[in-house]
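Some structures to go through are shown next.
Common to both upcoming complexes is chain A, partnered first by chain B, then by chain C.
Moving on to the complex of A and B:
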C-alpha cells in the first residue's frame, strides 16, 4: 500500500457504527474498520447482506454518523453530505417531478452554476449514458435501467471526485446490468488515467466485483475480513473471468461468503490470508 | 375506446341519480303538505323555489345599478333577486377565498416548520396540535365576542377552520416523503431551503391536493358559521334572516346554491392542481 504513488483520497480510521435494536441491545453494523483508498481507484465492497457494507457507504456519504472513528475524504473530515461525494442509491432516487435533464442538472443548480453552463454539462453526460433522446421526458416514462442511467449521469455531472454506488444494479435484469456496468466503466475511463474519479461500489455479486474492481474488500458481520487487489488488465471480458488469477480470487470470495461448496473448497483448509 | 365509453356511461348514471333525487323531492312536496307557519311549506316544490322563493331574494337587495330595492318601494323583480344573490354570493366567496389564502398559507408554513428543525418542531407542534382539538363550531360565539361583526373576524374564523386541516395534512404529507429523495438531494449538495423548495414541496403536492379539497369542504361550512356571527351580508346572513321567519324555502334555495358553489370550487381546485401534477402517475392525479 505504501508503494502507491496516487495521493490518498479516502481514509478510514477505526470506524465503528452501532444500532440499537428494538429489544434494547446494541448491534455493531460496522466494527473497527480502517483502510486507505488512493485517488482514482475502483474499489468494490463485497459481503453477504447485513455485513455493514451499505452502512459504511452511508457514513462515507455523510448521511449517517459513525459512532466512533474518523473518516477523511480528500483531506477533509466528513461531517455531512457534500457534492464532493456523489451517491447512486440502490432504490430509484430520480426526482419524479423534474424532467430528465432537470434531474441531471440538479446538483449543479444547487451550487449556483449558470443555466447555460449547467445545461451544457448535463447534456454531455446525458449523451454519454445514451439518454439524449429522452431529455424532456418525465421519469415515470422511463424504465428501471434508464432511471439508473439518469442517476449515474446526475452524479457524474455534479463533478464529485468520489463516487459511491450502493448495489446500484441489484434490481436490474442480466442484460441491463451488464450494459450499465459498461456505461459506468466508460464514464470512469473517459476522465483519462491520472484524473479518474475514485469509485466505491457496493455489491453482493461476485462476478460484478471481479469485472469492475481494481481492488475488492470483503466484509462479514461488520468486519473487513479481506482486501484483494485485482490486477487483471482492462477491458475485461467474460474470458478475463476465466483467467487463473481471477478464478483464484473468485474462490476466495465465495469462501468468504460461505459458499465453499460452490468454490470447490469443501476439503480444502482455510487458506484465506489477508 | 373502452375507457371513454365507461366514463360516458358513468356520467349518464350520475345524471340519472341527480334527476331521481330532484323528482323524489318534488313528489315529497306534493304528498307532505305540512306547513311550518301558514304559507310556508316544510318541503317546497321546484315550481315554488324557482319563482316565489327566487323572487323573494329581491328583499335582500340593497339597491343600486339602476335596479331599485324593495326597501325603496319597488316591487320584487327578477333582476333585483338575481343581483341580490350575486352580491351576497360574492361577499361569501370573498370571505372564503381570503380565509383559504390566509389559513392555507399559515397551515402550510406551520406544517413545514414541524419538520424543519428540532427547535421549530418544539415551538409549533404542541400548540397547534392543541388548537386543532378545539371544536370549530364551539368557537363561533367566541369569535363573535372577540371580533364582533368585523369582516376580519369572519375571515379569521374561516382561516382557522382551514388552517388546522392544512397543518395536519402538511405534517402527514412531509412524513410520507420517501427518504431516498431527501438523501439524494442532500448528497447532491442541496441546502435545507433548497431541499424544501425543490424536493419537499413538490413531493407533498399530490397529498396536499386532497388535503386542500378536504379543507375546502370545511371552509364552506366555516364561512356560513362565520356569517351567523352577525354579518350584514353574505349567504349565511340570508339564511339567518330566513330562519327568524321560518322561510324554509329560502333556506333550501341557499343550500342548493351552496351545493353548486362547492362543486364548482372542487372542480376548480382539481383542474388547477392537475396541471401541476403532470409528472405524477395517473393514480395520483385523480
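Moving on to the complex of A and C:
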C-alpha cells in the first residue's frame, strides 16, 4: 500500500463540537476526534444517525466551526468553506434557476475561469456522469438520481482536491444508488493512481461503505470507535462482499451499529468485545 | 431500467416570446370565459331595457360613448377638466401609476431582501412595515392632500406607500423561503457574498417578487384613480368625479370600462413577463411550454 508515502491531506486534532439544546444543556455532537487521512484515500464514515458524522463533515467543509481542536486540510487550517473542498449534500442543492450546464460550471465561473474553458470542463464532467444529453434542461425536469449526478459533476468540475459526500445516495432507490456508486468510483479512478482526490463519504449503509472505501471509520455518540482498513482490491463486485475478510469487517460494523442480534452473530460479537 | 429517462428532450427548448403571448391570448379567449362575458352583457342589456338610462345605460351606448369620448369629450372642458378627452386623462393616470410602482417596487424589494438577510435591519424595519400593512392606506389620502396639495405628488405618494409595503412583504417572504442549502453549496463552490446575492438570492426570489408586483400593479391602478377622485385636476379619477357631479351614468360607465380594459391588458402583460422571467419555475410557467 502506498498510504505511508502519500502526503497527509486531512488532519483532525482533538476536534470537538457541542450544541446547546433549547433547555440550556449542552450536547456533544463530536467528542475529541483525531485522525489523519493521506491524499487520494477513499474514506467512509459510518455510524447510526445522530452519531456526529454529518457534523464532522460540516466542520471539514467549513460550514460549522469546531468548539475545540484543529482541522487542517492540505496544510491549511480550515477557516471557512472553499473550492478546495467540494461537498455533495444529502438534500438536492442543484440551483433550480440555472440550466444543467450552467450549474456544473458555476464554481468555475465564480473564480473567473474564461467562458469557453469552463464550458469545456463542465461538458467533460457532464459526459462522465452520463448527462450530456440534458445539458440545456432545467433541473426541475430531472429525476432525483439525475440531480445527484449533476451535483457530483459540479463538484468534480470545480476541481477541489478533497470531496465530501454526506449520505448522497440515501434517498435513492436500490438500482439508482448502485449506478451512482459506479459513477462516483469511475470519476475518482479517472484521475489515475497518485493523483486521485481524497474522498470522505458519510453513509449509514454498511454494504455501500464496504464496496466504496479504502478505510472505514465508525462513529457512535460523537466518538470515533473504530478505524478499519479495507484492503480488498478494486474493482469490487457483489462477490467481493462475500470474501472472508469483507464478511469479517461487516460483522465488526454490524456489531458497532448494535445489529448483532438482527444478524444472528452473537458469537462474533462476544469475540469482538473480548 | 435506465436512470436517464426519455422525458427530457435533448434540444434546447427556447420558448419564443411571441408564441407565449399567443398562448396567453388564446387563454383569454377561452370559450367559457367568452360565454361568461356574453351572459353578463345579455343580463345588462335586459336590465337596461327595464330601468331608466340614468340608472343603467344599455351596454351598446356605453361602448359607443367610450369610442367617441376617448379622443374628444367636449363636455369635460365644460366641467373644468384640463384635457377634454379620456385618452389624455388615462395617460396622466397611467404615468402616475408607472412612476409610483417603479419607485415603490425599488424601495420595497431592496428593503425586503435586505431585511430577510440581516436580522438587525429586520428588527428595525419589520414593525414599521407590519403596522403600515394593516392600516387601510386610503385614509392617508386626505392627509397627503394637506401636505402636497391637489397635484400629482399626493396621489403618487399614496401609491408609492402602498406598493412599497406590498413588495416589502413579498420580497422578504421570498428571500426567507429560499432553502439555505443553495447558499451553503455556493459557498463550498467558492462563491463570494456578492455572487451569492446576484446569482442566488435575486434569481431565486424573482418568481415570488413578480407575483407581488402583479398584485401591487392591480391595486395601484385602483388606488391612483380613487386618490384622483378625492382631489386632483386631471386623471381618470377627476373625470369620474365631474361625471358623477353631472349624474352622467353613461359617461361614468364608459370611463370605468376603459379603466377595466387597461387593467386587464396590463395584468396580461405582467403575467406574460412572470412566465418569461421565471421559466425555470414549474409552479409558474404554463404546462404547455
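Some points to look at:
Definition applied: the second predicted complex is superposed on the first by the 260 of 274 C-alpha atoms of A that agree within 3 Å, B and C clash if a C-alpha of one lies under 4 Å from a C-alpha of the other, contacts with A are read in each partner's own complex, and residues count from 1 in each chain.
By our rule, contacts are C-beta pairs under 8 Å (C-beta built on N, C-alpha and C of every residue); 3 or more make two chains touch, one makes a residue touch a chain.
Here the structure is a predicted model, which is why all the values come from computation and not from measurement.
Superposition of the two structures on chain A shows chain C clashing with chain B. Contact with chain C, but none with chain B, is seen for A:146 once the two complexes are overlaid on the shared chain.
Look at A:136: by the touch rule set out above, it reaches chain C but stays clear of chain B. Contacts of A:197 after superposition on the shared chain: neither chain B nor chain C is touched. Once chain A of one complex is fitted onto chain A of the other, the partner contacts of A:252 are absent, as it touches neither chain B nor chain C. Of the two partner chains, chain C is the only one touched by A:175; chain B is not.
In the overlay built on the shared chain, the residue A:154 is in contact with chain B and with chain C. Shared interface residues of chain A, touching chain B in one complex and chain C in the other, are 61-63, 80-83, 85-87, 89, 91-93, 95-98, 106-107, 110-111, 138-140, 154-155, 158.
Chain A contributes residues 61-63, 80-83, 85-87, 89, 91-93, 95-99, 106-107, 110-111, 130-131, 133-134, 136-143, 145-146, 149, 151, 154-155, 158, 175-176, 179 to its touches with chain C in the complex. Interface residues of chain B facing chain A in the complex, by the touch rule stated above, are 178, 180-181, 183-191, 194, 198-199, 202-203, 205, 278-281.
Partner chain A is touched in their complex by these residues of chain C: 1, 3-5, 7-13, 179, 181-182, 184-192, 195, 199-200, 203-204, 206, 278-282. Only residues 61-63, 80-83, 85-87, 89, 91-93, 95-98, 106-107, 110-111, 138-140, 154-155, 158 of chain A touch chain B when the two sit together in their complex.
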